[in-house]
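Listed below are the structures to be examined.
Heads up, the next two complexes both have subunit A, just with different partners, subunit B and then subunit C.
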Partner chain A sequence: MAYSDKVIDHYENPRNVGSLDKDDVEVGTGIVGAPACGDVMKLQIRVEDGVITDARFKTYGCGSAIASSSLVTEWVKGMRVDQALEINNGQIAEELSLPPVKIHCSVLAEDAIKAAIRDWQAKQAQLEAQAQGTAAAEAHSS
Partner chain B sequence: MDANNHFAVLGLEPAYELDVGALERSYLALQQQHHPDHATGGSVGERRAAMELSGAINEAYRVLRDPVRRAEYLCRLGGIDIDVSDPERGAPPMPQAFLIDMIERRDALADTRRRGPAAIDALRDRVEREQDEAFDRAVVALRRGAVREAAVALVERRYLQRLVDELDHEA
Partner chain C sequence: MTVQTPIYLDYAATCPVDPRVVDAMLPFFTQMYGNAASRTHSFGWTAEQAVDNARAELARTLSADPKEITWTSGATESNNLAIKGVVEYVQSGAEGTRPHVITAVTEHKAILDTCKYLERHGADVTYLPVGPDGLLTAEQVAAAITPATVLVSIMFANNETGVVQPIAEIGKVCRERSVLFHTDATQAFGKVPIDVDAMFIDLLSMSAHKIYGPKGVGALYVRRRKPRVRLAPQIHGGGHERGNRSGTLNVPSIVGFGEAVRLARESMAEESARIQGLRDHLHDRIMAENEHVFVNGAYDHLLPGHLNISFAYIEGESLLMALKDIALSSGSACTSASLEPSYVLKAMGLDDELAHSSLRMTIGRFTTREEVDHVADALKRHVTRLREMSPLWEMVQDGIDLNSIQWAAH
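Moving on to the complex of A and B:
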C-alpha cells in the first residue's frame, strides 16, 4: 500500500515517543487497541493549569497507526483540555491522507487522546473528592 | 445453494466440528463439476456465473479448512465480524487490563532481545501456548452458541498473534 509522504515522515521520525509517569496526578494515560488487526496504542498527556504541556505515545502497529498517534501528540501540546477533546479522526485522516482501509487507525488515535483526557479528569475528580473529605473531617473535628 | 454461506456452498452443517474428509471430497467434486472451463461454450452470463460459483467454492474451502478462519467465520455468521473495527457489528472491545498487559509485554521485548535468542524462543513458546488456550476457549464457546464470548477469545488470539509477529520481525 502506498503511504502518503506525511505518514512516512511520522513513521520514520516519530514525534514524542516515550512514556510519562502514569501515577503522576498531572498525567492522563489512554490505552486502546484495534481488535481487527491487533494494534495497541498508549497515549499520555501532562496537564498543567488546564493546558497540555507534554504528550508522549507508544504504538505497536502499522505505519498509519504510528503516524496518527505521533500527529496527535504534536497537535495537543499547548492545547487546553477542552480543545484537545474536539480532535476527531476525520482531521487526522485528512492531514495524513489516509486511505479508507486505514481510517480505523485515525479512530484509534482519537479514542486514545479521549481516553487519556478521561483518565486525567478522573484523577482530578478524585483529588477534589479527597480534598473535600479532608475539609469535612477537619470541620467535624473542630 | 446459498453462495454467500461457505458451509452451504460445500453442503456442510454450519458447525465448528467438521469432517475434514467430507470437506475435501465435497470441495474436489464441486470444483470439478463447476469448473469454469465447462462453460466456455456458454453465453457471457453463463460464463460469468460459472466463474463466480467456482470462486465461491474456492473461497469456502480456503476459509473452512483452516480452524481459526472457520471459527472466525462462525462468529461472522453469528453477527460479529471481527475483521471490522466497529464496536456495533465488529469485535467487542477488550478489557483495559488486557490492553495494558499487551503494551507492557511489547515494551519488555527490547529487554528480552538483549537476553538472547533463547529468551526470545521461550517467550514465543509461551505466547503460542496462550494463543492455543484462547483458541480452545473460543471453540468451547462456539459449541455453546456463545458467539460474543467466542469473538472475545478470538480477538485475544489475534493480539497474541501480533505479539508473535513482532518477535519474529523486529530482530
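Moving on to the complex of A and C:
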C-alpha cells in the first residue's frame, strides 16, 4: 500500500499518543471499532469552559487508522465542542489523501471524536442533575 | 556491523534468480534460440536436448521418470491442469457422473478457486478442516473418500505457515482406495526430499521462482505407470508435452528451472540446515524478547525457512509499515485486497484479532545472520512502540478481558 507523505508522517511521529484520566469530569472518552475488524481507536478530550484544551489517542490498527486518529487529536485541540462535532470523515480522508479502501479509517476517527464528546456531555448532564438534586435537597432541608 | 537495507525476508513469495541460473539461461536467448519442437535442424535439436536435460533434473529430484514431467507456465497452471485435467477426463468418459474431489481449507487459491470452478461444472468437492497446528491427518482423508472420489489434492507445505502435511500417509490412503493423489509442492519442492513412489504421489505441482529460478515457468509431475494418470488438456494446440499442454516451450526458462533444481538438490542438506539455523535463531530471539507472541503452525513440522508469528494487540499492517526497510508479508486484512484476514490462519482457529496481527517471515539462500539480528532488533523496538500506542494493550495491562467487551462491529 502506497501511503501519502502525511499518513507516513503521522504514523512515524504520531501526535498526542497517550491517555487522560477517564474518571475526570472534564474528560470525555470514546472507544470505537473492534479487534476482529482490525482497528480500535480510543480518543480522549479534556474540555474546559466549552473548549477542548487537550486530546489524546491510542489506536490498534493499520497506518491510516493511526494517522486518522493522530490528525483528529491535532485538529480538535483549541476547538469548541460544537465545532469538533462538525468534523466529518471526508475532511480527514481528504487531508490524508486516503485511498478508497482506507476510507473506513476516517469514518472511525469521526466516530471516535463524536463518542468522546457524547461521553463528556453525558458526564456534564449527570453533574448538572446531581447539582440540581443537591440544591433541591438543600432547599428542602432548610 | 551495519546491514544493507532493504532486507528481503519474503522468500516464500518469490526469490532472486541465482546468478548461476542466469548464466545457464543466457545462451538460450541469443545463440541457442531454436524451437524445441523443430525436428529438422540443429537449432531445434540443441533446444530439445537442453529441455530434456532440465526434465531429467526435475525427474531425478522426485525419483520419477523424465517422461512424467510436463512443463507449464507456473504452479497455478500446474494446479489447474492437475485438478481440472483429472476431473474433466473422468467426466468425458462417463457422462452424467459427478466426480468427487477432496481438498483442504488451507490450500492455495489456485487449488480452491479451481475446485470452486469445478463445483459449478458437475463435480462435488469436500474441503477438509485442519487442526490448530495446521495439520491434516490421513484418517480425515480416508473418512472423506466416497465411491465417487476421483482425486485428493493436499498441498505439501502451506505457503503462509510452512506447515508440512503428512504426505506419505495421505498418499498411502489414496493408493489403497484407488484414488489419485495430487500435491501442490510449490513451497516444498527443492527444499525437502520428495520421492513420488515412496510417498504414493500421482501428480505434483512445481514452480521455478520459489527455488531461485525464473518466474513464469513451472511443471507438473504426471504418473505414467501404476496407475497411469490421464488428463484432459487445458491448453489445446500443437500437441506438445504429450498432448498434456500445447505451446512452444519456454526454453531459456526451462533451462533455468533445470539448473535451479540441480543446485537445490545438490545443496539441499547443507542449505536446509543453514536456513533452519537462521530461522530458529530468529524464532528464539522473538520469543525471548517479546511477550504475547505466538507461532502459527506446528513448529516441528515447518519448512526450514518459514516463520509465521502473531504479535497480539498490534495490527499487522502497522507493524509492516514500521519495518519499512524489511520485506515481509502479513495475514492482516489491511494488506489484502479483500479486507479479510488470512483464511489459512482463521481455519487454524485463530481469532480475527490474532490473524490481523500476524507476520510471515521467510528466510532463504541469501539471508545472513546479521540480517536476521537486524530484524529481531527492529521487531523488539517497534512491537514495544506500537503496543504503547495500542488501546488493547492498555486494557490488557489494566487486567481487562477483551472478550468481555461488547465491541461494535463496523
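Observations, loosely collected:
By definition in this document, the second predicted complex is superposed on the first by the 139 of 142 C-alpha atoms of A that agree within 3 Å, B and C clash if a C-alpha of one lies under 4 Å from a C-alpha of the other, contacts with A are read in each partner's own complex, and residues count from 1 in each chain.
The rule we apply is simple: a contact is a pair of C-beta atoms (placed from the backbone, for glycine too) under 8 Å apart; a residue touches a chain by one contact, two chains touch by 3 or more.
All values derive from a computational prediction rather than experimental measurement.
In the superposed pair of complexes, A:His104 makes contact with subunit B and with subunit C alike.
Of the two partner chains, subunit C is the only one that A:Gly63 touches; subunit B does not reach it.
Of the two partners, subunit B and subunit C, it is C that touches more residues of subunit A. Contacts of A:Cys37 after superposition on the shared chain: both subunit B and subunit C are touched.
Touched by subunit B in one complex and by subunit C in the other are residues 31-40, 42, 58, 60, 104, 107 of subunit A. Those residues of subunit A whose C-beta lies close enough to touch subunit B in the complex are 31-40, 42, 58, 60, 104, 107. Listed in rising order, the residues of subunit A touching subunit C in the complex are 1, 3, 8, 11, 14, 17, 19, 31-42, 58-63, 65-66, 101, 104, 107-108, 111. Across the complex, subunit A is touched by residues 313-315, 317-318, 321, 332-335, 337, 339, 341, 351-353, 356, 388-394, 402, 407-410 of subunit C. The touching residues of subunit B, when paired with subunit A in their complex, are 82-85, 90-94, 96, 99-100, 102-103, 106-107, 155, 158-159, 161-163, 166.
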